[in-house]
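Heads up, there are several structures right after this.
Same chain, two partners: subunit A is paired with subunit B first, then with subunit C.
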Partner chain A sequence: MQPGREGEQSPRPASYPRRTISRLHSRHIFHAYLFIAPVVLLFGLFRVLPSVQTLLFSFYKVELLKDRLTFIGLDNFISLFSDEIFQKATVNTLTYVITIVPISAFLGLVLAVLFNAQFALKEFFKAVYFSPMVTSTVAAAMVWWWMYNPQFGIFNVLLRLVGLPGQPWLMSSHMALPSIIIFSVWKNLGYNMIIYLAGLQAIPQQFYEAATIDGAGPVMRFRHVTIPLLAPTTTFILIYDTILALQVFDQVFVLTGGGPANSTNVVVLDLYRQAFERYNFGYAAAEAMVLFLFILAVTILQYYYSRRYEVAY
Partner chain B sequence: MRRASWFAVVLTVLFLTPAVVLAGAAKTITLWYPAGDITAGAAHFADKNLFSEFEKKYNIKVEAVALDYDTMQQKIFAAAAGKNVADVLFVDSSWLPGFLKEEMLEPVADAKAKAWLSAVSPEIVELSDYGKGRMWGYPQYGIDVYGLTWNKTQFKDAGLDPEKPPKTWDEFREYAKKLTKTEGGNITRVGYAIRHVGHPHGVVHKHFWAIYGTGGALIDDPNRLRGGKALIDTPHTKAALKLILDMLDVDKSTSLNFPDPRAAFLKGIASMQISETVSIKARQPKEAPDLKWGMALPPVEKAGDKPVTLLGAWLYSVPKQAKNKAQAWQLIEWLNSQEKDFELCKQYDASPRYKANWEKEPFKSDPYDQGLKQMYPYGKKLPINLGLNGIMDAMGGAIQKVWHHEATIDAALAEAQRQADKAIADAAK
Partner chain C sequence: MRTFWAPIGRLGVYIVVGGVAAIMILPFYWMVITSFMPAPDILSFPPKWFPTHVTFEHFVVAFAKAPWLSYYWNSLVVAVGSVSCSLLFGLFAGYAFAVYRFPLQNLFFLLILGTLMVPVQVTSVALYIQLSKIGWVDTFLGILAPNFASAFGVFMLRQGIKQIPVDVIEAARIDGAGEMRIVLTIIAPLIKTTVATVAMILFLGSWNDFLWPVIIINSAGLRTLPVGIALFKDPYGNINYGPLMAATLISTAPMLIAYVVSQKYMIRGIAMTGLKG
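After this line comes the complex of A and B, so read on.
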């Protein structure tokens, strides 16, 4: 009996159908690769290749305009670790990350819990909180620069209206980084809110019903049902926000340029300066590699640490 | 056969026409300059007729393109690396060390440089000559000289002579205290506005007069391209920083809340400031038409000291990667000829560069131009060292740290000295 529809007789030899299936399978795989080829090619060209090139450059003195590469081994890295400006940039970046990640995540969760309830104009307010996310960071930062102006900015106008003294904000070494953090929290809040909202809405209701039956009040239900079941979402948000925060650049460049007195200088801004103002491409590449390794280490640590809190439902 | 001959003639005409048209078509060269009011010397590039005479004479079309100042240096570098840079660059002379480190610029031909240096005024020679007659471009007309500008009306209201600016640091502090106004404990007008935010280089430019005025400097040999030693951690620089720190903390005649000295001066919320006088001259008619202002050399540490101020200029230069170098030099030489210097300076109300043009009206009797001429002999340009960017970053960072009370003067300057020496050593490798 030959394979095929019942009653049909294949005129071909018995081995052919197996080869046909194998050929069809190969063509199927080939088509699949063909469809993903453009993306893979572009990814390779614009992500992988530059990353490999950066890794290579970090071991060289790079003189682009002279088309010259001089191998210097680990000199760039040794110089980097004794660079006081890079050390300060690292401290600033870590301060930024440690502050903004938990604050953004916490406020995002609070908003998500609020928006999980039903109330009038809910969708409108959701859009209002999400809108900073879709605004260009540079454009928003330029507006905030004016809002932070010590003489004419709206923040100081409001402070003076309630009888409080105006603040120097971006003009002060002590306040410039917190001012940037406030902007960044405002900018990213909507995204965390949406992700948490999706996580909340994925929690099956029967857990809450069971907890209610067992006598748990709203706070206990939130603590013992919502928080643990949001663990995967929280993991994602913490990792994602940490990666983004470690690479902060746009708002710092626009709001303060890394000043005053390097108080807001961050690693990515420092490597940008090394590359495009001092033309030290090899040194900048070394900074980029150190940042990459750091982000990788933090991500792996966060991922393994958070796995113990994962739950399945 | 006849048809075939006609067909061949038509084909030949069609084939040759584009070549003939292209041969007669004008070549186009590009010129990049900074957008906005970064330098008064760039304002004329927006004039569509600026190059019409040159274009007619040489059959070369000039395309002037404005670039954002903050990213201009990076764009130039990236374009040069991609071998797609403009033919003429109008660049800040403080960027020169970075460009020279990458061997990016064509030097001016020796004969042309010699002719230029013998025909222009001494301050233009100072800005043009980078050692042994070597030139990397032609400085703009209407060069930048940093001077003290003061509000004459506010001087009079404070009981000060509006025609007499402070000459010494003691007078400077006294005047600033008298001119400062406070309301409800907040300073509403500073006697002297300081630049303390933004790019560190800008901070150093605005404080150059104090550092050099005490006998200090940024580096031991200002004309040495590679190597050398920074001179940041010295008693001279300490004195310069202490002056402003005392005005901040002791006199309370200045404040960190007025970050843009020129804007504050033009708005009337700063009575004195020190920056490029040409910028005030260009902006005052539009932004403060009623402002009566004076201009003089910055004050000296004590009576009898020689004043020092910063001379700066933007340069017309040609990158090595330019595709039309011959035409680019043609444009630059036409723009910087004696005739064009006179014509354009008269048209755009700028100070000329040629000695002969200074003898002609209106420059001979214009009070602003003659005031500048008095100041020019005291001007110095920035050093040419390849590590200049690092030196300026370090010095600017130190100034900011001290005025923001992040560090003591000694600690900030010691750190800046280390960073500057490292920058010099790295650039020399």
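After this line comes the complex of A and C, so read on.
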């Protein structure tokens, strides 16, 4: 490489490697900051700042119209813990989460296993199962609100057709929350199925062949090959669905508005009412902090679980 | 044994898959059928599975009661605005995080991803107060504020850009292309599948978003489709299911048609990224 080096003294080729790279490097830092600036700025203003302010406001009485902030320490949180409606909303939210997450994960897995085989019209059925996912929750809930109608709704009409008594569905404080859960299972089932299906298809076929050679039947193969190898998918689905279920709002707003007698009130709905109907912004901020703590707890759980599987894989 | 059970197993699969499919599709069917039925059919017992004759009267009522075209327009403006901003800013930020090394890189990246942990459900109160101070309540800018950029978008685009060999970028630099031009004319076309998937998921999320729009919108003229349909239900509590279902059909039809046309692609995109709007 020595020959010709002298001759290539002139501008670009010889000097390219070192000089240009160092020049590019210094330009990179400028460009790097320039390129992340819009996102950092927008997130700082509309995501990070409001997060910090939510924490701050939870210790204040906020009067927006008078433009006044009064520090009241932990008063918001103390009132929260004796607020029966908020307690009810928290219990309802957790009940909703604890019921819907395992049910829709389990059903999603069952359907994914069925769909992992080949059969006619498979893509059509897949599309049908997934269709509630792309529909707006508000619009879909509106249709279910009509179907849940105790007098003329299709559910009770069908029940009466086969000689069973009609149910009060959303009108009863015992049945309203389960009715919302049924709706949400319908709405989210396709999503879990698709994610599980992707997980199933990622399992190498050799594992099944090896298990078969070792004499494992279909049930054994499912229990000892499929389930363990799907663990990361299951963790993802459980965590992700839990975080979303904690934020449930749209369907409750449309189907029951939190009633009857707060039997379907949930944290986000109560927060919405406190802030935007009663203008108790500080109090609502405290409720938002409680919601955040739940999400944080689940995220920390996810962190430990995903680390465990990173090692396993 | 195997040959004896296989057809029965196959039949069982069809019964389960078909049965569940019927349940999944029933609400859509019921929505369509109710919106085209004459009023007496809707309340008849036993139920009518097909209308005695097709009527458009409910659509006339629905259109008379609410400005659906304006709701469409608003939803479209918000979705296109948030998707294009998120993509543009996301491309540049994704490129910076994928290609450059710079001080505090990880901190900024974690900060951006960290916002995923604090959804608008948590920040809505403070965000509303903040926007009310700068006069953004009840404006398009207000609806867009938390959706100008997307952490999910930045992450996905960074992953996509990481797959591109550095040589491509180096070659472009030697040819004299500036960094901005590289991002827009070389990187973006190379990861167009990722861009399209991110765009689709963000569009879907924005189109169906309800909580933040219902908080920030006061005037009827700014309502998006989900807000419009939610408030269509009961101004005075008198329930008329025909027009209500017609309204629901009006508001869901575009997305359902888009889904029917491109369902394979949409399902694959969501399965690939593992995320919904």
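Methods note: the second predicted complex is superposed on the first by the 269 of 313 C-alpha atoms of A that agree within 3 Å, B and C clash if a C-alpha of one lies under 4 Å from a C-alpha of the other, contacts with A are read in each partner's own complex, and residues count from 1 in each chain.
In this text, a residue touches a chain if its C-beta (ideal position, glycine included) is under 8 Å from a C-beta of that chain, and two chains touch if they have at least 3 such contacts.
Being a predicted model, the structure only gives us computed values, none of them experimental.
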Message: If we overlay the two complexes on their shared chain A, which of subunit B and subunit C does A:144 touch? Say first, second, both or neither.
response: second
Task: Pick one for A:64: touches subunit B only (first), subunit C only (second), both, or neither.
output: both
- prompt: With the two structures laid over each other on chain A, which partner does A:276 touch: subunit B (first), subunit C (second), both, or neither?
  reply: both
Task: Answer with first, second, both or neither: which of subunit B and subunit C does A:168 touch in the superposed model?
output: first
Message: Output check: A:304 vs subunit B and subunit C. Expected answer is one of first, second, both, neither. What do you get?
response: neither
Field: Greater subunit A contact set [subunit C / subunit B]
entry: C
Statement: Contacts of subunit A common to subunit B and subunit C in the A-superposed view 64, 276
- line: Counting only contacts in the complex, subunit B reaches subunit A at residues 73-74, 77-78, 80-81, 98, 101-104, 185-186, 196-200, 256-259, 269, 321, 389-390, 393, 397, 400-401, 404-406, 415, 418-419, 422-423, 426-427, 429
Touching residues on subunit A, where the partner in the complex is subunit B: 61, 63-66, 79, 83-85, 150-151, 165-166, 168, 170-174, 256-257, 259-263, 273, 276-280, 283
Query: Which bits of subunit C are touching subunit A when the two form their complex?
result: 10, 13-14, 16-18, 20-21, 23-28, 30-31, 34, 42-43, 45-47, 89-90, 92-93, 95-97, 100-103, 105, 108, 111-112, 115, 117-119, 121-130, 132, 145-146, 148-149, 151, 154, 173-174, 179, 183, 204, 207-208, 210-211, 214-215, 225-226, 229-230, 233, 241, 244-245, 248, 251-252, 255-256, 259-260, 263-264, 266-267, 270-272, 274, 276
Message: Residue numbers of subunit A touching subunit C in their complex, please.
response: 16, 24, 27-29, 31-33, 35-36, 38-40, 42-43, 46-54, 56-57, 62, 64, 111, 114-115, 117, 119, 123, 125-140, 142-147, 149, 152, 154, 157-158, 160-161, 186, 189-191, 194-195, 197-198, 236, 240, 247, 249-250, 253-254, 268, 271-272, 275-276, 281, 284-285, 288-289, 291-292, 295-296, 299
